[in-house]
Amino acid sequence: MKNWYKCAGTLTVLVLLGLALLYSGPSVGAGSGGKITGTIKLEGAPAHQRPIDMSKDPVCAQQHTGNPVRTETVVVGPNGGLEYGVVYISEGLPAGAANAVSSQPVTFDQKGCVYHPHVIAVDVGQKIEVATHDPTTHNIHPLPSAGSGNIGWNKSQPPGSPPFETTWKAPEVAIPVKCNIHPWMHGYMAVVKGPHAVSDDKGSYTIDNVPPGNYTLTAWQETYGTQTQKVTVASGKSATADFTFKGK
Amino acid sequence: MATTVHEPPRVRPRKLPSRKQGTGSGGGGWRDRTPSDGSFLAVGDRSTASKTGVWVGLAAITMSFAALTSALVVRQGSAADWQHVTLPRVLYLNTLVLVASSFTLEFARRRFSRLAFLGSGEATASPLRWLYVTLSLGLLFVGGQYAAWLQLKSQGLYLATTPSSSFFYVLTAVHALHVLGGLGGLIYVSSKLRRSALRKNTLDAASHYWHFMDILWLYLFLLLWVKL
Amino acid sequence: MADTMIEAGVSFLAAQIILAVFIWWFSTSKPGQKIRNFPGGARGLVAAAIVLVGLEVLALGVFGQKAWANIYFTPPGPNAMPIQVQAGQFAFYFRYPGPDGKFGPIHPELINEATQNIFGLDLDHDQDSKDDIVTAQMAVPVNREIHLLMHAKDVGHSFYVRELRIQQDFVPGLDLSLHFTATTPGKYEIVCTQLCGLGHYNMKAYLLVMSQADFENWLKQQAAMQ
Amino acid sequence: MDETSRASQAAHHAPPQGFIRNYIFSLDHKIIGKQYYGLALLAVLTGMVLSWLMRIHLVWPNSPVPGLKWLAHTSAPNGVITPEYYLSLMTMHGTLMVFFVLTNAPFAAFGNYFLPIQIGAEDMAFPRFNMMSFWMTFLAFCVLMAALFVGDGPPISGWTAYPPLSAVGAVAGPGQGTGQTLWGLSIAIFCIASLLGSLNFISTTLDLRARGMTLMRMPLSTWAWFITACIALLAFAVLLPACGLLILDRLAGTSFFVPANLVVSDQIQPHSGGSPLLWQHLFWFFGHPEVYIAIVPAMGIVSHILINAMRRPMLSHKVIIYSLMSLGFLSYMVWGHHMFVSGMNPLSSLMFSFPTLVITIPSTILTLIWIGSLYGCKLRITSASLFALGFVSLFVSGGVSGFFLAQPSIDVLLHATYFVVGHFHLVMGVAAIFGVFAATYFWFPKMFGRMMNERLGKIHFWLTFVGAYLIFMPFHYLGMAGNVRRYSAFVNDYLQPLLPVHRFITIAALATGAAQIIFLYNLIHSRFRGEPAPQNPWEATSLEWTVPSPPPWDNFAGKIPVVYHDPYQYGVKGATGDYVMQDSPQKIPTVPEEGRR
């Protein structure tokens, strides 16, 4: 009798392993794929970033005394590198790569009454971990557009609350997120299918795990909108795509 | 609940235990006077309650429409976005139909009271005929209102298009609902009449309601027609 | 307020004490005791109520009306300083007209809290908007009459400063105004008293009452921060 | 009108058969009255628990409430009440208490049970409407409860539901989606139910009185229910269309209450030109009379019970009736005093202030008559009379604060503060509930055929009476210190010193609430184990005490009474005992003993 259990157990494990291999196939394949790198730059003068007066909530204001935070609609690093641009493959992805969902949660943190990071990009269905480190209550209020298939919500997070997780159902670049209690708090969640990246403070980005192929690449920036370009990725190679937005 | 017809309760007239004899007080009922026929049947006869009930109900309906009217007046006066809806032509016809139905109902009531006076049980056909005419006129009115909505719809005026169209739809729809309620009442009355079980108070109550709907419509028509 | 306080206090105490005394007194009456009427009966009490309360009502009505008229029937003086306040979920923002003394027009479609264009100003096209100063705190010079121009951006709010004894709702769609003079320098809180949503409890701004010189400095600082 | 013959059938054919007809879809006004009472009890317990949660959150904001995690999974994650959930609790507390407790318990529950008996009728005029009115109220209750547990959270815009907050939808906040729609729907259903109920009360009083029962011979409780029905008929007839328009604004995109160019969370709203003030006018046109819908029945009940306890009629029967009538009448002229700071024309503030102050005249007359009638009486202290006397005390306490709020110039300071909360909780909430308690202790023997425990009743009274004052008196202090109401936390600098007061109130509220367990125990225990009640345990005079306890299904066992006297023939010389029943043909001495008219 015991033997029978053992047999069944082994068989189950084997079947599960086989299934796992079968389903993890595409992402394993993508691992051997290439990548896309590049920088997003701004040409011309960036839009004026106003300093924010947080006096409304002294808890916030105290954390930035003497050095007020500015708005983050255009954040330009050295050499005109544009931070918080979202780059993603808008056309040409095979279904397997497009539907892969990263199991790694992305953290959307509230600290000093500012969102960290200002922009995140996630897969459809990828977990977002909303965390707070502020001694004041925030409300998180994403406002997806009406026909997108995403449903908006609005939820408070009292100080000391553990992070909560959330996901989005449909691709949308990008969902604005705001805090009504601290109306200056503003951020974006870009929901895309397939590999993507957000540019860093130098404006550079790297998209990993891109299977070989011809793609249309889109870069989105909250103030300047989108730009696209064609890019070809060879297996194991790195392709380069730079974007330049024009300021006023 | 019970389908059998019951006679109205009979309270045998008794001598009034009044302390103040002669002044007629102590009779009870809201008419604290001695009824002209000398009996005290009026007290505790539930069929008068139907009349009272209808009047009380009409007071509530009046209040509701007063509220809607004040809303319309305020809304029309307070904002610059008021575009007056030209009333569909069919409404004039509807008005005529509804007014006519009041007359036909009154005919039915006359015939019925003559009937009750003569005490003949089998000649219910004449008031019944007039009741049916009233019923069909009422239905025609509701159908006409529906036609008016279709007409507005074809002009691209929906409920939320302009404040004026919102009020038009709300007022006419609420009124039509009340008319449908009245039609239900008339159906009930005519079925009672068919079985010769109709009491005058019931018919009176139904007709008061119906005439009120008629007057209410004339008022609403004017309200929707005038630009304040 | 004080006269109302006295009247209310006296009637409150009198009624409660008499009630208690009567209960104590008459709940222990003996079985054979006769029932007595209150001297004067119902007529006396009704007359007393009508005369006393009537007088009270008249008095309060007249005094109250005067106090009310002082605030609401007197227009702001010609030298009153205009300040615009906009209430939104869940913060107050203020606008000073700047050197030209004129407020630029508001374009609701341009309102964007991400860029801190709180009032929806079109700086590119509207000349009057360019020197407007938008702030998150309200500073006023002491002893200067302020003419507050109020509007709400989204839902109903209210402007309440306890120390100034003023409260006025913001009604969306209506432009309302209020005028007051602050006489004591200091830092006060402006709070919202009309339920406006989840952040209602934290909808506030500071009111800074300062000398004219300090005020001008403050305004310059704020102008630099636009 | 189709009710007519059915009504007569209901009262005249054989008693109802079967459990469902008997106890669920019953046409019997007594069962319906008990059903209303049960619903009110359910609502008041729910409302009380909600208020506890609010009080707990106010003083221990970040500590989890045990069990709440499962009840409100999304709105109170980990059992910690979020600001929006606080507002939901507040909205639900207000709606439940105002509509389902203060309207249902003193008016619909006891009115349904005792109005027909007190006027000598076998049932209501329209028993079928009566049944519908209860079941619609129940439906309204279920819809409201659904709003409490709906996916995106319960509504947060308060029981007053001011637009645009209540009208623009989910963008205005959590719970402003489905929850708010359900709220509007629930209130609309409740309005229809109340209209049917009032219609029934009025018709019954006017048409179904027994012989000899002239209007002036009706007991004061009946008078109060009748006047309340008249108030409710007109008030709910205004709230109903208002709710309808609000729902249309929410669902159909009309613009009755939502103005143009609103920017909510950076999104411009597609409405044009509506008026938020219009809702406030319509709502308060209902809202102020609603206060009297709650308090007038309690006044009538308390008068009825006090007379019995004092063993003498009131100094004047008529003055009480006329005062109640003028309260009802004036209640329609004062709605604007809720809107002194709403940006109404300042002149209209004065116009509304004056009748508001004038309302103190009938109120004072009532109070003076109650207190004056106590003079020289032979007061019997029972649980019922204690609660009735407690009502008078609370009515005075809650009433005098009205002086402040009636004047716009003072209201500007106190509006929307805890002062207002203290005022209306005392005068409308607790006072009316005291009326309900008094009625329960007084009429329980008649309704269930068993006596309640007097000793427990008196303990319950003292705990509740002291507790009510301990909870609500400090509210006035908080209000004068500028403590704004409807705040889920106190983050303002000037409110910090007031926190100890809040802590005190919370503890008092928890304790007073816990004391209600005594009442519940008494209620349930007495229902099954109480001493059997005689027909007339309080030696009272009105018609409900001429029938067995509990009354037979048609109240008078086919023998409609004939009324010979005014309702309160107490202190009669030569009578057996000291009273004469209303239906007793016994002659009353023409020369009244001193103390009788």
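So that you can tell them apart, the chains are marked A, B, C and D in the order they are listed, and the count of residues begins at 1 in each.
The working rule: a residue touches a chain if its C-beta (ideal position, glycine included) is under 8 Å from a C-beta of that chain, and two chains touch if they have at least 3 such contacts.
In this text, all values refer to a predicted model and were calculated from it rather than measured experimentally.
J.: Counting C-beta pairs in contact, which chain pair ranks first?
T.: Comparing chain pairs, contacts are most numerous for C-D.
J.: Which chain is most remote from subunit C in terms of Cα centres?
T.: B
J.: In angstrom, rounded to a whole number, how far apart do the mean CA points of subunit A and subunit D lie?
T.: 54
J.: As a quick test, compute the distance in whole Å between the mean CA positions of subunit C and subunit D.
T.: For subunit C versus subunit D, the centre distance works out to 31 Å.
J.: Indicate the whole-number Å distance between the mean C-alpha point of subunit A and the mean C-alpha point of subunit C.
T.: Distance between chain centres, rounded to whole Å: 45 Å.
J.: Whole-Å distance, subunit B centre to subunit C centre, using C-alpha means?
T.: That pair's centroid distance is 49 Å.
J.: Could you list the positions in subunit A whose residues touch two or more of the other chains?
T.: If we look for residues of subunit A contacting two or more partner chains, we find 57, 136-137, 139, 154, 156, 176, 178, 180.
J.: Find every residue in subunit C that makes contact with two or more other chains and list them.
T.: Expected reply: 88-89, 113-114, 173, 197-199, 202, 204.
J.: What are the residue numbers in subunit B that touch two or more other chains?
T.: Those would be 79.
J.: Which pairs of chains touch one another in this structure?
T.: Every touching chain pair, ordered by label, is A-C, A-D, B-D, C-D.
J.: Under the stated contact criterion, what part of subunit D meets subunit C in this complex?
T.: Contacts found on subunit D: 82-84, 87, 156-158, 160, 162-165, 168, 172-174, 176, 258-266, 268, 273-277, 310-312, 314-316, 319, 341-343, 346, 349-350, 353-354, 357-358, 360-361, 364-365, 367-369, 371-381, 389, 392-393, 396-397, 400-401, 403-404, 406-410, 412-413, 415-417, 481-482, 484-494, 571, 593-596.
J.: What residues of subunit C sit close enough to touch subunit A in their complex?
T.: 88-92, 113-116, 135-137, 197-199, 202, 204-206, 225-226
J.: Flag every residue of subunit D that touches subunit B in the complex, lowest number first.
T.: Residues 1-13, 27, 121, 125-126, 195, 198-200, 202-204, 206-215, 233-234, 236-238, 240-242, 244-245, 248, 252-256, 259-260, 272-275, 277-278, 281-282, 285, 560, 562-564, 585 of subunit D touch subunit B in their complex.
J.: With touch defined as at the start, can you tell me which subunit D residues reach subunit A in the complex?
T.: 61-62, 74, 77-78, 80, 82-84, 152, 170-171, 173-174, 265-267, 489, 491
J.: Across the complex, what residues on subunit C touch subunit D?
T.: Its residues touching subunit D are 1, 4, 7-9, 11-12, 15-16, 18-19, 22-23, 26-27, 29, 33-38, 41-43, 45-46, 48-50, 52-54, 56-57, 60-61, 64-65, 67-68, 71-73, 88-89, 108-109, 111-114, 120, 153-156, 158, 160, 162, 165-174, 176, 189, 191-202, 204.
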